[in-house]
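The same chain A turns up in both complexes below, where it pairs with chain B and then with chain C.
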Partner chain A sequence: MNELVYKYIRDNRNNILDNWIINMREKADERLIKVVSDEMFARTSSEFIDMITTRLTDNGQEFLNRLTDFAEKVVRLGWPLTFVNEGLREFSRITFEGMMDTGLVNQDNQMDIIYDFDSFMTPMNNEIVNMYSQTWEKTVSLQKIALQELSAPLIPVLDRITVMPLVGTIDTERAKQIMENLLQGVVKHRSEVVLIDITGVPVVDTMVAHHIIQAAEAVRLVGAHCMLCGIRPEIAQTIVNLGINLNEITTKNSLQKGIEAALEITSRKIVEMEEMEE
Partner chain B sequence: MRIPILKLYDCLLVSIQWELDDATALQFQEDLLHKIHETSANGVVIDITSIDFIDSFIAKVLGDVVSMSKLMGAKVVITGIQPAVAITLIELGIVLDDVLTALDLEKGLEKLQQELGD
Partner chain C sequence: MEFQSCVKIINEWDIVAARQLGRNVAKELGFGTVDQARITTAISELARNIYLYAGQGRVCIEKLYENGKSGLLIIASDEGPGIPDVRKVMEDGFSTSGGLGAGLPGVKRLMDEFDLDTNVGKGTEIRATKWLR
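Moving on, here comes the complex of A and B:
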């Protein structure tokens, strides 16, 4: 790194920081300003500039560590990547303009300085983007796992009666998992009736209906009844409008009705205590 | 190797213990129909608990056996279809529409008695 630039940045650190904060505040959109308090903004900005200056003195592990920490923090705070990137560009612009004003850059050395500057900034830029995408990927994969865990629970509620409550959108991958869990659960719990509750499924289109019908058929093959509960009015409307034939499957409007029907199938019923004493 | 078909009161009991090949399946179809004719059984229980894989041909033969037995006046219950087998059948588009199914042999027999009693 060019000694000249390094010296300039070190000497004018506070000046650059102030300018940077002012410029960035104009550039940041309202959303960002709202979530971050002034103090937090100043502190994070200072940290950012600190991080960049670390890169000047030491070009190795120390910088990488700080960058990782910073990227994680910034992602958590919800700062967009474009903003951080812009910040980096702004930093180099301010530094460069400052150096021009003070006459440190002149006709003779400008090419050298620009070249030096560029070879200093570009790897940093890359590293930040890299770190950002890594952090995001990590978050996404964690969420994917969490979603998978939530995707198809099977609950034995009564002897021989099992419920599978479904919440959220169903895609092909999830439908497959639902089918597997459903069948394995039926065999494991030795259920006679399985209730699929779709109260929490926002949309039932032909694909979802197809998967549900398949699951119901498969349940019948392993020797149990399959019932569909929690059909909301709008779902009923879509099903009929799409011309989906659910005639083969027993449908009920609530889980409660479903359980009553399931008890009936297994020739049992719930009676109140007084009635029994009579 | 032929699949043994056992008579239990007025029912026939078949337990398929190994993966079927095409010839065995066809042989089984023939044997079962003859046995139904011989014993004039009212019901048949086919237990396929130990079958983990099934192909479209075997599935078709099974479906045919059921329809044929029905023609001869015997109700058929298939028991112990494994989850993986059920998924395969559905994916192959074989729904075995008019077949009664049960979780295991015990439940299958119960179901058959119920059906025959009606």
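Moving on, here comes the complex of A and C:
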């Protein structure tokens, strides 16, 4: 960037900083003031100006590292991206207008300086947007993994009896996993009865029902029984309204009832200790 | 007195957002758990249809107040391919995507009023109402 601009920023550091903070404070709304404290804002703004003024002495790489650090910092502080972007724009506007007022910018060099500003601010803008989107993408992919981890566990509760508790929304991705885990688990645990518990599924629409029917059919093909438990009364009513036929599947209203029935199928039952002694 | 809020349906997770919105409004209006489940299931069906067949569209939820009754109106609209044979899609068991084919007739049974307006090549708008009893 032009030496002229640097010099102006360095010489008028405090002036620019004050103006900048006042202007940004005006722009900030209720919500933002909670997130961005006065003190933190002043400190970060001053750091930003320091970063720019050291641009001359540092080499390119050094500056880039500082820029990355700065971007990381604002992301960590949780400042909204629009606010930070607006801040950058405001900064160049204040500096440029200040230079106009002092006559440093005139008709002849106006275009050069505008161009300089642009080529200077654009990489900074990009870096900050980039840092924000990276952080978001990382969060989303981590959550996706976390969600996958708890999406369809298969629990062997008793010999030859396994349970798959489903909690939360079932989308296409999960439905696929449910099917895979179910079939793999049935074979691995040598289950005779599999109980799918849908107590934690908020909405059973035709798609969810369709996937459950398919899963039950596949379980039947590998030679096991499939039972559906945890059908809440309101879910039962919507299933009837939708006209979904679940006749092929044994259904129970609770997991407990399901397990009792599963024991019955595998010719066992739970008895009290006293009875045993007799 | 009218109140409307909308959710854009672009990906599968927007279905959940639409459902959540519907459930909240239904709760505010004082619907019981069974009707809440009916309303959310209906929204789920309609939103999924948009996602599957039209690619994108929107689901709007409106509070209705008429003749001392209050109700909830779901408007699902898209600019998708439209439905060529309306009579057929209202039959149970008809599906072009290998599903159960209970979606639209199911929604009609879940709700009190059901109105389907479609234009092939232009899009579809479905309005379904549930009255609070």
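The working rule: the second predicted complex is superposed on the first by the 237 of 278 C-alpha atoms of A that agree within 3 Å, B and C clash if a C-alpha of one lies under 4 Å from a C-alpha of the other, contacts with A are read in each partner's own complex, and residues count from 1 in each chain.
Everything below uses one rule, namely that a residue touches a chain if its C-beta (ideal position, glycine included) is under 8 Å from a C-beta of that chain, and two chains touch if they have at least 3 such contacts.
These numbers were taken from a predicted model, which means no experiment stands behind them.
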item	value
Room on chain A for both chain B and chain C (clash or fit)	fit
Which superposed partner A:L4 touches (first chain B, second chain C, both, neither)	neither
Contacts of A:I265 with chain B and chain C, given as first, second, both or neither	neither
First, second, both or neither for A:R190, with chain B first and chain C second	first
Which of chain B and chain C A:M124 touches, first, second, both or neither	neither
Partner chain in contact with A:M207 - chain B first, chain C second, else both or neither	second
Partner chain in contact with A:L64 - chain B first, chain C second, else both or neither	neither
Degrees between the directions from chain A toward chain B and toward chain C, using C-alpha centres, nearest 10	70
Chain B versus chain C as contact partner of A:L88, first or second or both or neither	neither
Contacts of A:N241 with chain B and chain C, given as first, second, both or neither	second
Touched partner set for A:L104, first chain B, second chain C, both or neither	neither
Minimum C-alpha separation between chain B and chain C after superposing on chain A, in Å	10
Sites on chain C touched by chain A in the complex	12-13, 16, 19, 33-34, 36-38, 40-41, 44-45, 48, 92, 99-103, 105-106, 109-110
Residues of chain A that touch chain C when the two form their complex	169, 171-172, 202-207, 209-210, 213, 233-235, 237-238, 241-244
Of all residues in chain A, those that touch chain B in their complex	179-180, 183-184, 186-187, 190, 192, 214, 217-224
For the chain B and chain A complex, residues of the former touching the latter	78-83, 85-87, 89-90, 95-96, 101-104, 107-108
